[in-house]
Each structure stands twice: as structure tokens, then as C-alpha cells.
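Some notes on the structure that comes next.
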Amino acid sequence: MKARLNSIFEALLPVFATVAALLVGGIMLLILKINPLTAYSALIQGAFGSWNAFAETLVKATPLLLVGIGICISYRGNVVNIGGEGQMIMGAILSTWIALTFTNLPGWLMILIGMLAGVVGGSIWGGIPGLLKAYFNVNEILSTVMMNAIAVQIMNYLLRGPMIDPVQAKASSQIPQTARLVEAYRLPRLAPTRLHLGLLIAIILAVMVYILLWRTTLGYRIRAVGQNQPASRYGGIDVKRYIVYALLFSGAFAGLAGAMQVFGVNYRMITDGSATGFTGNAGFNGIVAALFGQLHPLLTIPASVLFGSLLVGANSMQRAVQVPSSLITALNGLVVVFVVSSEVLRKFQQRRRLTVAVDSPPPESGQPKAIEPDGEQP
Amino acid sequence: MTPSGSPSAEKVKIHTLEMIGISKRFPGVLANDRVDFDVRAGEVHALLGENGAGKSTLMKILYGMYHPDAGQIVIDGQPTVIPSPVAAIRKGIGMIHQHFMLVPTLTVAENVALGLPSSRGPLTDLEQVSKRILQLADKYNLKIDPKALVWQLSVGQQQRVEIIKALYRGAALLLLDEPTAVLTPQEVDELFVIMRQMTLDGYGLVFISHKLHEVVEISQRVTVLRNGRKIGTRPTSEVTKQILANWMVGRDIEFITSSAQQAAGETRIALEKVCCDSDRGTEGLCDVSLEVHSGEILGLAGVSGNGQRELAETIVGLRHIRSGKVFLDGKDVTGLQPGVLTGRGLSYIPEERMKDGMIRNFNIAENLILREHHKPPFSEHGFLKMRDIAAHTDRLIKQYQIKTPSQKTLAKSLSGGNIQKVLLARELSRSPRAIVAAQPTRGLDIGASEYVHEQLLKQRADGTAILLISEDLDEILALSDRIAVIYEGKIMDILYRETATREEIGLLMAGVHLENKPAETAIAPEL
Amino acid sequence: MIRELFSATVIIGIISSGIRLATPYLYASIGEMFGQRSGVLNLGVEGQMLLGAFMAFYVALKTGNLWLGVLAAMGVGALMGLAMAFVTVNLQATQGISGIGFYLFGLGMSNLLFQKLIGTVETVQGFPRISLPLLGKIPVIGDIFFNQNMLVYLAFLLVPAAWFVLHKTTLGLKIRAVGENPEAADSLGVSVSRVRYFTVILGGVLSGVAGASLSIALLNVFQQNMTAGQGFIAVALVYFGGWRPWGILGGALLFSLVNALQLWIQVLGVPIPSELAVMMPYVLTILVLTVSVSKVRGPSALTKVFEREG
Amino acid sequence: AQAAPATQEATKPLKIAIVSPSTINDLAFTQSIYDAMVVLQKEMGADKLEFVYSENMFVVDDAAAAIRDYATKGYDIVIAHGSQYGSSVQEIAPDFPDTVFAWGTTVDTFGLPNVFAYEAASDQGGYVNGVMAAMLTKSKVIGVVGPIETGDAKLYVDGFVAGVKSVDPSIDVRVTYIGSFSDVALASEAATTHISAGADVLTGSAQMVVGAIGKAQEAGAYWFGTQADQATFSPKTVVASQVYHWEVILKQIIAKRAAGVLGGESFRASLENGGQVIHFNDEAGIPAEVKAKAEETIKGIIDGSIVIQLP
């Protein structure tokens, strides 16, 4: 009885949750004397209202997608990578440095090299926690958190020192930024919007990650190690190595995302002293996007767009109805929580389907009639 | 939220407990279909059935872990609902699970005290608990150290902890789900002694096992399930093993033993003075030397935890060897990786299937290629060849009669029997040169066991060298050409099946050489 | 200049700074430890700290009563914990991610309230330093260790307290069991969800106090995002400490002392880039863990959802 | 030339949008521009001047989106109040030739006709503060707490050091950068460290210094503020603050626009043009001669007799 109530209640929870999400957001708006409908329509407008708005959404979605598919890999390998921020930064630094050092290569070539440099930078910053975990049993949550902070300081140093924009080096303002990339090195854009080639690359990569995970021995091994290490060892897999790979690949995609922010969006690196200024939190939001996509590389594509639209839309909502930006941050938090929670709904649906699928089979014919339960105790 | 089951046990009494028309459905299966079942104080009621017949489910319902979709439970005439294990404990029902329910990182006393109110209020009272444990321990002469960490205990000892947990909570009715599956003959005897003592004390016991001779030996009544349905209940005295077997599988089973061995071929596996550490850091093997020849089955008998696991793992390259050498086909393979050895034709059926041999969340196809996923035909240039894998899987599912909805079914939702079939299919289908088989039929019903035995003998006939590690003496005697007995990491002796006697083996397993025979000797049950 | 680093002033300075810097980590990490010991990873600590910091500050500012402030911080922390527990235990949400959600919520909410209820940066009269009788009089030592404010003392008392709860009480036994093998605990009638609710809420409460220790004891101001990532460090320190109170104490002190040291390195004008100094504590934490020999493994059920089948 | 804009003004109010990092209540950089707008609106009247803002635009491409959006929405002046927004302005401005873009704090207008640049001569305020600090310190040790070693913060610090040295080169000015704009705890520990290292006068830049001011107060040390008047925060401790009065610059920009000039020039908030003012806090009890010296220094800087030598 109680159990049944529980299960009904539980099954409905996600519904309550989603409704509550909107309510809570709306309530907060009302408290701030803002009409939720105006606000939310502004949000939608800002994300999808115009071709340009949608382009902005996609621009925002690109790094989320890249980080996200990386997260899909590390998740399958059963490692938690919250080092996306640092990995993006290192990828960006390496690619920017190369692009600023060799200024007269053909554009396509430098774009290629630049993207690779991003991959390398990210791989290094992801690979180190990997090695530490595999060979020194240093937990990756700890190391990635620390490595994020370290990357930020490296960035701050380079951007005010060795890599600073020569113009700024002379100027009194001393803005901590690199010089701009030469025109030729910039990722092609879909003028007049800021939508750049990166999105396409990211989508292709998402497909490739899908193939990697489920169609290659490499992916098979990463998943095996993620699922059961003893069995993997017995299956002839060098477990430690694939733990490293899981984090390394994850970092590689984050690094690429970082490089793309430079080659496709900002055309330079700028720091405001924190990671956020450059990454826009994509290192964290990518994790969320991946989870919205049920940690499946292909589903992460729409998921990133969804989350990207939320971020972009929320900003324009802030402009439209002049809510404090902090409300937006809080709202994002709520959305994340509610979406993650609603996962439970799917679980229950699946249960349902399976259970109703089977019906009590007809009584077996070949049953020995001879026997019937006895009453007496021998 | 702690049960009122207090250390002062045997307060609760259950004279009769009836389960009437119990049905339980799981995604994809009807685990119990209108099952009637009853237990009385002072009896051992055996519950028989193939893997997946619904035994554990029925018991888990009685213990409040699952909730029946239909049916009623009546205790001493009182209809009752058992919503949770706590409720079950309150009503005096205890359960020894097929897969132990212990917290390995805690001590025995802590495991027992867990969830019980403490005499010291919010503080633990482990000293008292330990005292009480020792009382119970010597009442049923279970040797146990309350201070020991559970992960350091042998399987047999862990089971005693489970029993003590139940007794400590004052259980009047004890459900034992495959308690003997993991025990050695000696341990089984000890368990039976305890069980008899308990029935005398007025406990009611439900005993699940796949070993018919055990059922015949210990139970007063027996109930058989098949595909979730009850086939019948009878006084054990009125049935024979043949009848029971027939009810279980719906056909006759002949209990096979190996034909006399043809001339043993060349040496395939050889160990030379091998020493290694155990998981607990103690010495696992010392100076172990033995040879397994083409076309022979070498049985390794021994009480669990005497180095069998270590021996198997040193051969297949999963365990680091401190000293000594391992040879495969005459070549020194000491310290080579498991993958390499696989390539050289070594197959391994690990003791703990789910932990070491299979990946729970991988589907059957994926599990079938675990050992050779990186080689043709399963992959080429780093890409998996899905078509060939699918074909291969189909073939093996048919050939080994694996019961599964599809080849995409996850391993975790297969029954033990079928899990074992998948494993055998993978290990035997590559016509290996040598096989290390550890506890290959543990927890399997007779149908499945029979099948496994046939497969092993077929391999032997094909000239494969087989090291059969088993704690089931019957199995050893049924299949082996030669029998090695291991005790505390040393090979006591290697006997020929024809000349070996149960008693002799039993003694060696207990660490005694025949010349100095002690007073009390462990003797396995007669068939 | 390097030699100066070993002068009495500097060493005393480093230690007493270290103790202060360690205080919020102790609260937050010990709280997180309880959660993880029962199998729940909460990445939302940062958000809980920020809300705790704000509530404590706001209440203290309005009522002038510091303990009420602490209470408020505990209250808001408990609420955040409750939500986290509900989401992870009942709704079975992926723990890492939901934590990030709560982090964002706390980050935004704390500043929103700050803007709406207070407006601009203000200061309160925080917990005063208390020189303990006798102990406080001990020459050097006394000044370092026994001349701090109340919340600092409590933070350090929390360590043995946590150890005691974990190892000497039935509750602690349940917590350890639930984090190791929930099925087993469940089969003995230990309510896995109750235990996890308790630990996660406790974690929230302590994170709240961690925030309060910043806003009304150590800094006596509130500023948006003032925790600046300390919540995440706190989580990391749980791993550093191997899920043990004493280990966490060690980690928190190591990190904080090195942080204090790097400030002195800058103050004394050691010629290295400031960024290099700033990253020292992070680098060292990783290095120490890398070379350390003790390799504990975490609670087996950490981040694993528990649900009874059937 | 005047008539046309004049009528415009009469008909519809001037619409200004601000995009800036951190929040409008940070008691520092962002608050300074926000306060300026409030002042301006008071002067001109809400019917003449409307303004909106996007705060917390730490993320550069979010800011870019905001800037573009405001331009699209037809705001007359879009203020990109953050040196990191340069690239964005450079990119967006050409698409909206009729919109005025103002970018601070810097000097670079990218040679675009509709971009004004503005910056603050933080070094001037820093210098004056430095002079006072030098006269107030008894221990001859002065501590500086900075966020990251660059930009406006560095400019202020360099000016401050120069000021101190101009009075007494032997004074030891110790500078720490805590590597963050938000870590209040570390900033306050930095201050404590300075104090235990003997500093009796402190200063620092950016929003996280609030913690440091508190420590100065506890230790009875003096504090010099920048970016906003921090005396409100700790009356006894804060001797003086250099405060930006961006409204001065904004008025010039508005005037230019009214005159039909949409950009191409850069402005500097300085002591001279009142874009930057030293707020003395008499509650802190500044000795007369110190204040006098400060005012004299201000004059000197204004009439150019004092030239600040930056490293």
C-alpha cells in the first residue's frame, strides 16, 4: 500500500519538478516585479527570435558540444573530468601562441595546425590527471580542480607578460590580451552572423566520437575499463593506459573548444583574471550539456543547442527586462537541477514498458499431474 | 529506523508460515506464478529449481525485499504483509543471501551490530555485541573472530557471519539461499550440523540448493519450482534424486563421470616452484610445482582460500609471481600479460564470473569478444567488425543454447546458468590448448552443471589440457584423471583418480598426510 | 630575502594565516566527507557556502547577533542540503551534475539577495578574537593558536568530533555501511535514504557555517562570489584526506599554509612572477598526493544510486 | 548644426546602454560607471536620459552579444565598460555606423568613426595617494594588495609607488597580487601579511579588497582607496579614495554626439578634467600638512609641473 503510494508519488516527481522549475523561476521574477511572460518570451526571442539570435545560440553551443562529447568519453571510461576549464585554456594558449608566432602560413594550414595545437594543449592538461590517477592513484576530481586554477595563473602570466599584445605592452592600459590573429587564420564565418565553421567540425567530431566509442577497439576498451577493471585486465587490456586515454581524449576536445573560441570567436586571448572570462564556463556547462544528452555523443548535439539557447536567451532576457544577472545564474542552476532530476522519469517509463510487455503465460502442459501438495508432515 | 530485534534472541516463535498464490513479475519474466509454499518450526524445507526458476525471488518476497504482485503470507494463521526486511526481521524471519550481504570494510561485530539499537544509546556497544557473538558462536560451534575485518575472511567464514547476523536478530525462521554453493565438503558438513542443531531448537529452515544429495541429506520436505511455477511439495523420504531432477528440468538427467583417460599427451601447463602473495598480503602460494598434460583433466581439490585463486591467476598472468616459473607449451611465459597468453591458446574460466569474467553492463555480443576484440575476425585496423561479431554471437548462442531474448541483452540480466554458458562459449569456442577452469559449476543447477561437464570432457577428448579447480569433491572425482590437493598454498600430494579415496583427499585437504592420521577427520557426504 | 622567510615573524605569520585560511575548508570538507562516506558526492558546496556566507552576514547585520547569523547560515545550508538529498536520493539525479546546478543556484541567489536586501558592500562587527585563558598567554604558540575567533576554534574541534561520530557511534556505523554496501545496510533495516538525507543535510549545514566563518568571523564583509572557488577546493580536500577527518585536517592545513607562504614570498619581494607564487598551493597539493604512499580507496558506493529492486 | 540634435533631444530621450563586468554594486569598477549614469540621469532628468545595463558580463562573447543587441535595439550610445571588450567593439561598431560606441578603459578607437575610447589616469590618483601614504607611514613600510598584475590595477599601483618614492625613496613599498578579482579571503590575508611584515599604510585595487580594508581597520593601519569612495565602508581607516567621475567623460561624449561627432576620439578621466577626484575623508583625521601636500601635488599634476614616471 505505502509502497504503491511511494511509487506513484515517485513516478510523478519529475512532473512536479519541471512544473516547479518554471514556477520557482516565475515566482522569483514576480518578486522582482517582472512579468514572467514578458521575461520568458524575451528569453525565447533572444535565443531563436531571429536568424542572428539563433546563430548566437549555435556559437554558444559549439564549445559546449565539444567539451560535452569529451565528457561522454571520460564518463564511459568512468572518470570524472571537471578540468574542462583548464583544458580549454591550455588548448587556446598553445594554438594562439603558434598562430601568433607563424604569421604567414596559408590560412587553411594554420587553422589546421591551430586546431591540432588546441587538441595537444588540452590533451596534456587532461593527460596529466590521467597519469596521476592511473599510476599514482591521485583522484581526478582533486587533480582537475587544482589544474584548472593552475591553468588560469599560467594564462594570466602569459597574457600580461610574454604573450601580451605589443600594442598593450606600450599602452598605459596594459590590457592582458594577446595580439589579434591575422585575418587569414580566422575560421570562416557565415556572415553577417558570428556562426563559424567550428560548429560543423564539432558535429562531425560528435559523430566520430560515437563511432570511436561503439565501433572501435579503442572505444571498446575504454568502455570495458570503465565498467569492470578486473574483467578488462583478464581481457588483455592494459587498464591503466586506458584510464589515461579516457581523460586525455576528454581533455583533447576541451582543448579544441578553447582553440576554436580563439580562431572562431574572439580572434585573440583575453583574461579577466579568472577562467570564466575566456571559457564562459563552457568547461562546466559542457558537462551539463553532455548529461542533457544522456552522455551520448549524438544526443549531446541537440542538448548543447538547448543549453546554449538557454544561456544566450537568458542574457537577452536580462537586457530586455533588466533583471539582475545573478537571477539568470540562479535560473540556470535551477534548470540544471530539474533536468538532471527528470532523468528519473525516463527510468520509470522504461520499467513500465518492460513490465506490461509480458503477460502471465498459459499453464504449462507437460506438468507432472502425479504430484499434489501434501498436508501431513512426515 | 532500527529493528526491535534484540540480542536476547528466540523470543519470536513461528509455528507455521504459509505463502499462498504468490505471483511476482519482473520486466520480461514472470518470476513467481501463483506459488504456494509453507514452512514449519523444526523442519528443513528444501526449495529446488533450475537457474531462474524463481527460488530467490520467492525468498526475497518472504524477506520483504520484493513485493508480490499477488498472493498472501500467513504466519501462524495471521495474514501479514512484509513490506521490508526490517519488518521481516521483526517477525522473526532471517535470510542468508545467495550473494552475501556484508560490508567488507567493517568488522564482524560491526556487521552484526549494524542497524540494531545499541545498549549505549547513540554510541556503539561493540564489546557487548562481540560477547554475544562468541556465545552464539560456541552454542553452534561456529569459529569466528568478532574483531576480524570481513574482507579478510574466507567465503565459508563470511557465511557464518551471515548466520550469526540472523541468529543475533532472533530469527525463528531462516531462509538459506544456496548456502552450500560456495562451501567445501567439510564446510557443508559443519553447516549441516548447525542446521540440525537449529531445527532441534525449533527453528524453521528453508534450504535452497542445486545439489540433490544435500537436499536428500538435510531436508524433511522438498518443493520444486520450474519457470516460476510450483511443480509440487513432498516429504523428502518419498522422493529420489532422479525424480527431483526430472521435476526440475522436465526430463531425465544421467549423472556423468569421465571415461577412463586415454594416454596423456605432452605437457601443456607447467609450474616450477611458484611463490606469490595472496590478496591479503600473506603468502598465497609457496613452491608450487605441477604439470597438466594434453588430454588430461587435473583436478585441484582444497578448502576454499588455500591458494586456488592465486594458482589460477598466476597461470593466466593476472597475478605477480615472486619466484618460480610458469610454462605454457614448454615456453616460459612467466610474467606475460593475460592478453598474450590468450593469444597462445590459454583459456580461463574465473571463479567469480561477474567480477572477473564478465562485464555486467556489456551485452552478450560484447562479452563474447572480450578476450579477442582486438584480433580478426572481430576487428580490423582498430575498427570492430559488427557483422562478424553478430554472426559469431548468433552461432555461439545457438551452439551453447544460451537462453536470452537477444544478443543485445545485458549480461547482468542473465541467470547464473546462462552467464556461465556465455563464459564457456567464449573460452571454449577458440579450441584452446589449455584451460584453467575455476569452480565452473558453482551455483548452477544440475542441468547446467551436466552441460558444463560435457563440454569439459569434450575438450579433454580433443586433447586440451585442463586444470579443474573445484571445491565440490564430487565434481573433482567425477571428472579428473589426476587429483592435486592444495593446502595453505602448498600442493600436498597428487593422486590418481582410480586409486584415490574420498577420505584420503579429505585428509589432505585438512592438511594431514595419511601416515599421521589425526583423531577427527573431515569426511565428505557419501553419494 | 630568502633567509627572511625563516625569521620568527614570518613563520608565526604563516602559521596563523594558515590557520585562518584553513577554517572554511575544515567546515566544508568535513561536511562533504560525511556525504561521500555515505555515497553522495556533492559538487554544490561552493553554492552552499555562498548562501551561508550571505545569510550569516545579513542576519548579523540586521540583528547584530552573530550566533543568529551562524544559525541562519546553518538553516540555509540545511535547505540546500535537503534539496540536494531529495534530488540525488529520491530523484536519483546524477550527483556530480546536480551539484553543479546547486552551485550555480547558490552563486546567483546569494548575489541576488545581496543586491536586493543590502545593495552595496558593508561591514559587520564579526566574531572577536578570544585569547583563551592560560593557553593564550603562552609566548609565541599562544598568539598563533589560542588567539583566534570562536568559529576558528570550533572548526578545529570539528575534526576529532567528526572522527568520533564516524567511528564510535551507531550513526557513524550506518554511514560507513551505507557508503560501502547499501544493499547490505538496507537488508538489515538501515534506511539508506535516511542516512544519506542526514549526511547531505549535515554537509549543507557545515558548508553554511564555512560561509559564515568567512562573512562574519574572518572577513566581516559579503561580496558577490566571495568564496572564489573555495567550495571546489573543499571537495578536492576530501579526496586528499582520504575520506578521513585527520587527513582532511592535514590537507586543509597544507593548502592553507602554502597559500600563506606564497603571500609572504610576494611580500618579501622574492623575484618570481606573482602568478607562480599564487599557483604554489595547487601544485603542491597535487605533488604531495602524488608522492604520498598511503593509497586509500574511496567508499565503494560513492556516486552510485541505490534503489531496491522489485 | 545645433538645431537638429536639439530638437531630437526635445522629442525623444537619449538612450544609453552599459555593458560591464562584475556587478553594479561591486564598490569598484562597475559601480563607478553605474553611479556616473545615476548622477547624469539626475542632472538631465529621467525624461531626457534613459539607461540600461548588462552587468556580470565576465564572458567576453556574452558581452559582444549584448553590445550587438543594444546597437540593434537602437540605443544611441553603447558603453563597453571593460578593456576586454575591445575586439568586440572593433567588430560590431562598423555594422552600426549611426550608433556611438564608447569603450573603456583604453585609448584605442581602432580609427573607427563611431567609437570613442576613454580611460582613467589611475596613475594620477595613485600618485597622490602614494604621496599621502609616504607622509603617513611611520614604519616606512607600505603594503599594496592587487588582483592581477595588469590593466587599470597595475596602472594605479605603479602610480602609487611613484608617488611614495617621490616623497621618500627609502620607503619600502611591498606589492602582492592575489591572482583573483573575487577572492576576498586571500586579499584580506594578504593585507594581514603586509601588516605583520610591518606595513602601517595599505592600499589596493579592485572589488576583492573589501576584506583587506577590514584588516587595516583592525590593525589601526591607514587605507587608500581607488575606483570608488571606500570611506563609506570604513570611515576611520580610509584616508582618501581616488574616485572616477565618468559622468564628466560621458557629458563630453554626449556633447560630441549632439554636435554630430560619433567617435574617433579618446578621453582621459584625469584630475585635470575632474573625471577623477580625490575624496578626502576627514573622519580618518588626516593631518593638515598631508592634505595640503596632496592638494599641492594635485595642482602639480594638473599644471604639469609633476610628471609621473612609471616603470
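A few remarks follow.
Every chain is named by a letter (A, B, C and D) in the order it is written, and numbering of its residues begins at 1.
Here, a residue touches a chain if its C-beta (ideal position, glycine included) is under 8 Å from a C-beta of that chain, and two chains touch if they have at least 3 such contacts.
Computed from a predicted structure; not experimentally measured.
By number of C-beta pairs in contact, C-D leads when B-C and C-D are compared.
Between the Cα centres of chain A and chain B there is a gap of 44 Å. With centres taken as mean Cα positions, chain D sits 76 Å from chain B. Computed centre separation for the pair chain C/chain D is 35 angstrom, with centres defined by C-alpha atoms.
Among the residues of chain B, those touching two or more other chains are numbered 26, 67. Each of the following residues of chain C touches two or more other chains: 111, 114-115, 224, 229, 273, 275, 278-279. Residues of chain A in contact with at least two other chains: 153, 156, 324, 326, 329. All chain pairs in contact, by the document's touch criterion: A-B, A-C, A-D, B-C, C-D. Listed in rising order, the residues of chain C touching chain D in the complex are 9-10, 12-13, 17, 20-21, 24, 111, 114-115, 119-123, 214, 218-221, 223-230, 259-260, 263-264, 266-269, 273-275, 278-279. Residues 1-3, 214-218, 220-221, 223-224, 227-228, 230-238, 351, 354-355, 357-358, 360-361, 363-364, 366-368, 371-374, 377-378 of chain A are the ones touching chain B in the complex. Within the complex, the chain C residues that touch chain B are 168-174, 176-177, 180-181, 183-191, 194, 300, 308-310.
Touching chain A in their complex are the following residues of chain B: 23, 25-30, 33, 36, 40, 43, 67, 81, 83, 220-221, 226-227, 229-238, 246-247, 250, 316, 318, 337-340, 342, 348, 350, 355-362, 366, 369-371, 373-374, 379, 382-384, 386. Here chain A touches chain C in the complex through residues 10, 13-14, 17, 28, 32, 80, 82, 132, 136-139, 141-143, 145-147, 149-150, 153-154, 156-157, 161, 284, 287-288, 291, 324, 326-337, 340-344, 347, going by the rule given at the top.
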